[in-house]
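Here is the structure we will look at.
Order as written gives the chain letters A, B, C, D and E; numbering starts at 1 within each chain.
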């Protein structure tokens, strides 16, 4: 029993990230509303960030800010005591990219709405064919 | 890291995500997306990624949601799915 | 200074982007000179880097002064040096050709357009030169994001096409990011060379296999490999011509370069070709891509869309060639990156000239065009011949290597697909020539000397770059041997026979 | 064999390309035609200046660019190429004169374009003649295909459009679909594309593969019009007559045949073909083309179409001669390149002259024309004699050698094919001549005012007919070239 | 379409799940990711850059090049939004003004917008009165938010935060102003041109610092080169260099967030906004 729990704990993060990613992907593929797709896109991106942050997690490690006293010489730092900071750095970048993409996508959606007065893809397509 | 808390929030995140894409109102979707982001932020804080959590709190739950709301305000709340 | 060229290459356009953006608010006249100057500096850096690589071998540049696995390194080698030069040349020529249209079309927003243009080039150069897998993702996003902006400013339907591109492109980039994450979780490194060093012990690891597949799918989305191509035709068709002429030659080609880079440098040929058994499957996908691209191109009734579908087929050439798993195929694929970029540029500049005068690019507007715009159509035909693969234009030589590769690999399906697409290209281009040459039909039998019909050529600022590219097609073709013996042959690891 | 480096072959190729800008920029027709003549004479002069060296057994080589490892754009002038270059460059002069008469006589449009592409086509032809390797040959072969397209479709009407389509479909389709893969395979097998007297494919692949390659080449060079890839040739007869004359009796079709000859002799080599026992197959294909072509020609009413089918049949003589793989047969085949060229071009010139003078294209409308246009029709008669292969015309020599070749190779059926074909030739040419001259005045379909065509139209056929006759008595340059070519091929 | 999408999603999900079998356990301290590259960051940051927050050090120094482009991405997004949405010069049509003391609304037809005296306020057709409570509360909150943002930027060396987070908060404070009052009020405080130029300046500070290092003879972004300019030892120079670029990031991110918000919330017309 404890073995199963241990496995679940050990991989649960990864499973959830896969679920989230698939939710986002599903929304992007099947939803016809442009903004809904954008929401899906953001969920998708956030899921990947979750994945990376999970890589960085370290049992028994603390947040990656070194304890030190001002002025005093700090003691030797051991890697095992701190969480892996590299994924965090990467994910800061990824979050920024996500918000940048979000801005662009929303701007496009607004332009499309101004032109066709709807956000539903099928309605837009029928309007393009109609005109 | 407290793994029970971690798992509980992970499950909540899942609900928020499903909610955000199924709700039939774009403003609702935007707000649920905000909640989703905030849950994520909590999750990362638990995992010790404080900087990422901070960023997600200000960007994902904050500015992104504002952008969404602004865009929905400029377009329409109506959605068919 | 000379050993800072790898940084300068990317920094010059980047810094100028900020100045151009500022100039856009303060005084728009400075935008174009700034852009030209910065791309010129980048071009010179690329050329001198190319020269140095040919003379002395690969160059490594440590950004921030940190050693590679910890810091980010730029690595210029035989594979990316020619691509760097190519990007600079294409960007500069297109800037020259299209500045007039940009200023007419964008008016107050000229500054923003040039900013994005330069940023896009920065991104592409960075993607090509970087030796760090994650850095590549960030630069990829810069290139894509500015690409979205450039494309969306086109016609009525451009925003919708762009939004679809945004969706697909984001999925693609995210898949790539995810793949890098999978590699990171098993190797702990982000530097390409470092990953390649660690990887041999992990060939059996399922995460590595998955990483390869996800990265590939992501890149295929970005490069519009057949079933994943749906964003491309609309995006390139509705984009404004100046942007299309930058993005169409470069974006897909740089993505192919990234794929080859991953195959050769990160995953190593030993893993990609020997341990995995997916070569054949990928080449068959490429066959489908080529055939479908060709068939879909046949169904089009306007110039830009036709060329877009040709690009889809050409991507199939390159992917198939790279995955044949032998030296000739790989040489053909890399050579085709260069050649296809030039051919596409030539065609799009011709389309730019036609659009500039005729205000349309549908087939029906091409009637009598060979009389009206003989120089433009001449260059267009030259580009078409290159796409068909007629010697001595460069298209012939890459096709030669690809077919040789297919023969050596015993992959006759790929060979047949290449020949089929060449034949379809003959039909495509001669259909246009027919329209331009025959219509409107002369009454009677065409006897009797007509007075000279009004010739209405595009301005020289488009024609000169257009012809530079068109003649470049022949020059590159004639110098194929030099390119291969001095550059490309060192770009392919000795392990590939 | 001695080898000399010289840029003359390159000059010979480029001279007509260099003339194109002058043609475009010359404002009035007279300057334009002067430039055409100048280029034609210069080209002929350059080719002629290389003749003595070639006759003395020297090879002139010129390497322009190394385009791929082991593959170059290079020229090499040997006896075979010299013969072909001599024929085409000398006939360009005559055809230029004829073009001027014809185009002015009919007041055609787009003459500048016409002369430009004509010059380009000639460049390509000489390029093929002097090509030192298969790649260079292919390059100029393709260049010729595209340069002749505007000539074939010169009239720019619906008929020209559909003919142009057919032309390109056959020519470019086969060259990309068949020759290109064959060439790449040959390169992959032999590691080179350089023509050599023994060929470079011997011992490199399985017999089945090599046989398949040979047929890819023979059918791939569709300009040779070997059946079943012949039907572009009648379609291309919509072109103005000078184009048909030079390109479809001389340059284009001969380039196809010449390419086949080059492949047989330079890529495969006679020994290899002999060891593969391919001679009967080749000759069989050629024989079928000869007989079917001749039979179809019998039923033609349009004079130019008749000539086209006759060409299809005659071209296969050359393939046949080579396919015999006997020295005499090959000599005959190679000589036939020259002999047929002079004979056939005469016939085309005459057909064009008739069209210019009367506007008639069909044989049934030409009854009694010999009385009105005696000079033209006499030339026509001589030309047809040359094609049939009877003295006093040059065609006799080549046919004689072909016949002896069949005897030498001990191929009796082929002998019968040749004889039957000669009879058929006579059967479709002689009625034309007969009806032109021998008919009652009541049957004649022409009014009195019909006269000979302008001098520029009538002169050329007379000249070429005269040359045809001279060639019977003085075939020396061509004969010696053919002989030394065959010597080189067989290594004797 | 739905079924096909589901199938695709399940397939790719299965592929990803398949790979997790070979993943190291979650939080395993001996996973390759924790052993290969990252230990050096943790152990050497203090002596090499003298920045206790490892994330900041890696972000702005070891992998500073990534961050420069990250900032550029944001800048690019701002430019794209401007290019796509901004409607320039299209001020023709009807205009509405409200007389503040009395609340009377004036309708001006078919004229270019003109600025009336301070007693009038330009409004949109769909105008709703503002809530005084919200307005006042936000007015009080905004300065504190801004001070906090500056703290986040400046204290990024020692605590979570840095240029990016601080910049976003700073931008959010202006956005809050635009939401609680209206966009025009916010635009009066920080105009379009200012935003556009600030954006460029912010990223330029980053890239320019890098270029300065290059000009001083070290590699691009090697802040140790700044030691001679700042008059400190190379390690402290790195620390200061990080602060400089973080400031640049802060400016750029703030300006871009405002820029994107302005364009999105008014669809490029720069009217009242939300």
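Assume contacts are C-beta pairs under 8 Å (C-beta built on N, C-alpha and C of every residue); 3 or more make two chains touch, one makes a residue touch a chain.
Predicted model only: the values in this text are computed from it and were never measured.
Engineer: Using the touch definition from the top, list the chains contacting both subunit C and subunit D.
Structural biologist: none
Engineer: Hop distance check: subunit B to subunit D, minimum number of steps through touching chains?
Structural biologist: Tracing touching chains, the least step count from subunit B to subunit D comes to 3.
Engineer: What is the minimum number of touch steps required to go from subunit A to subunit E?
Structural biologist: The fewest steps needed to get from subunit A to subunit E is 1.
Engineer: Could you say which chain's mean Cα position falls nearest to the mean Cα position of the entire protein shown?
Structural biologist: Chain nearest the overall C-alpha centroid, as shown: C.
Engineer: A-B versus C-E: which has more C-beta pairs touching?
Structural biologist: If we tally the C-beta pairs in contact for C-E and A-B, the bigger total goes to C-E.
Engineer: Measure off the straight-line distance from the CA centroid of subunit D to the CA centroid of subunit E, and report it in whole Å.
Structural biologist: Going by mean C-alpha positions, subunit D sits 75 Å from subunit E.
Engineer: How many angstrom lie between the centres of subunit A and subunit D, each centre taken as the mean Cα position?
Structural biologist: Spacing between the chain centres: roughly 71 Å.
Engineer: So how far apart, in whole Å, are subunit B and subunit E when each is placed at the average of its C-alpha atoms?
Structural biologist: Computed from C-alpha means, the inter-chain centre distance equals 19 Å.
Engineer: Rounded to the nearest whole Å, what is the centre-to-centre distance of subunit A and subunit C, using the mean of the C-alpha atoms as each centre?
Structural biologist: 30
Engineer: Return the residues of subunit D touching two or more other chains; collapse runs of consecutive numbers into ranges.
Structural biologist: none
Engineer: Among the residues of subunit A, which ones contact at least 2 other chains?
Structural biologist: 9, 12-13, 19, 21, 25-26, 30, 54-59, 61, 63-65, 86-88, 90, 92-93, 96-97, 99-101, 103-104, 106, 108-111
Engineer: On subunit E, where are the residues touching two or more other chains?
Structural biologist: Within subunit E, residues 16, 20, 23, 27, 31, 33-34, 37-38, 41, 53, 55, 59, 63, 66, 70, 73, 76-77, 80, 84, 160, 164, 260, 264, 267 contact more than one other chain.
Engineer: Could you list each pair of chains that touch, in label order?
Structural biologist: Touching chain pairs, listed by label, are A-B, A-C, A-E, B-E, C-D, C-E.
Engineer: Across the complex, what residues on subunit B touch subunit A?
Structural biologist: Against subunit A, the touching part of subunit B is residues 1, 3, 6-7, 10-11, 13-14, 17-18, 20-21, 26, 29-30, 33, 36-37, 40, 43-44, 47-52, 55-56, 59-60, 63-64, 67-68, 70-72, 74-76, 78-81.
Engineer: What part of subunit B is in contact with subunit E in the complex they form?
Structural biologist: Residues 1, 50-51, 53-55, 58-59, 62-63, 66-67, 69-71, 73-74.
Engineer: Using the touch definition from the top, list the residues of subunit C that touch subunit E in their complex.
Structural biologist: Its residues touching subunit E are 4, 7-8, 11, 14-15, 17-19, 21-22, 24-26, 61-66, 69-72, 107-109, 112-113, 115-116, 119, 122, 126, 134-135, 138-139, 141-142, 145-146, 148-149, 152-153, 159, 178, 182, 184-190, 194, 198, 205-207, 209-211, 213-214.
Engineer: Can you tell me which positions in subunit D touch subunit C when the two form their complex?
Structural biologist: Interface residues on subunit D, with respect to subunit C: 65-69, 71, 73, 106-111, 135, 138-139, 142-143, 146, 149-150, 153, 155-158, 160-161, 164-165, 168, 172-173, 176-177, 180-181, 184-185, 187-188.
Engineer: Okay, in this complex, where on subunit A does subunit E touch?
Structural biologist: So the residues of subunit A touching subunit E come out as 9-15, 18-19, 21-22, 25-26, 29-30, 54-61, 63-68, 74, 76-82, 84-90, 92-93, 96-97, 99-101, 103-104, 106-108, 110-111, 114.
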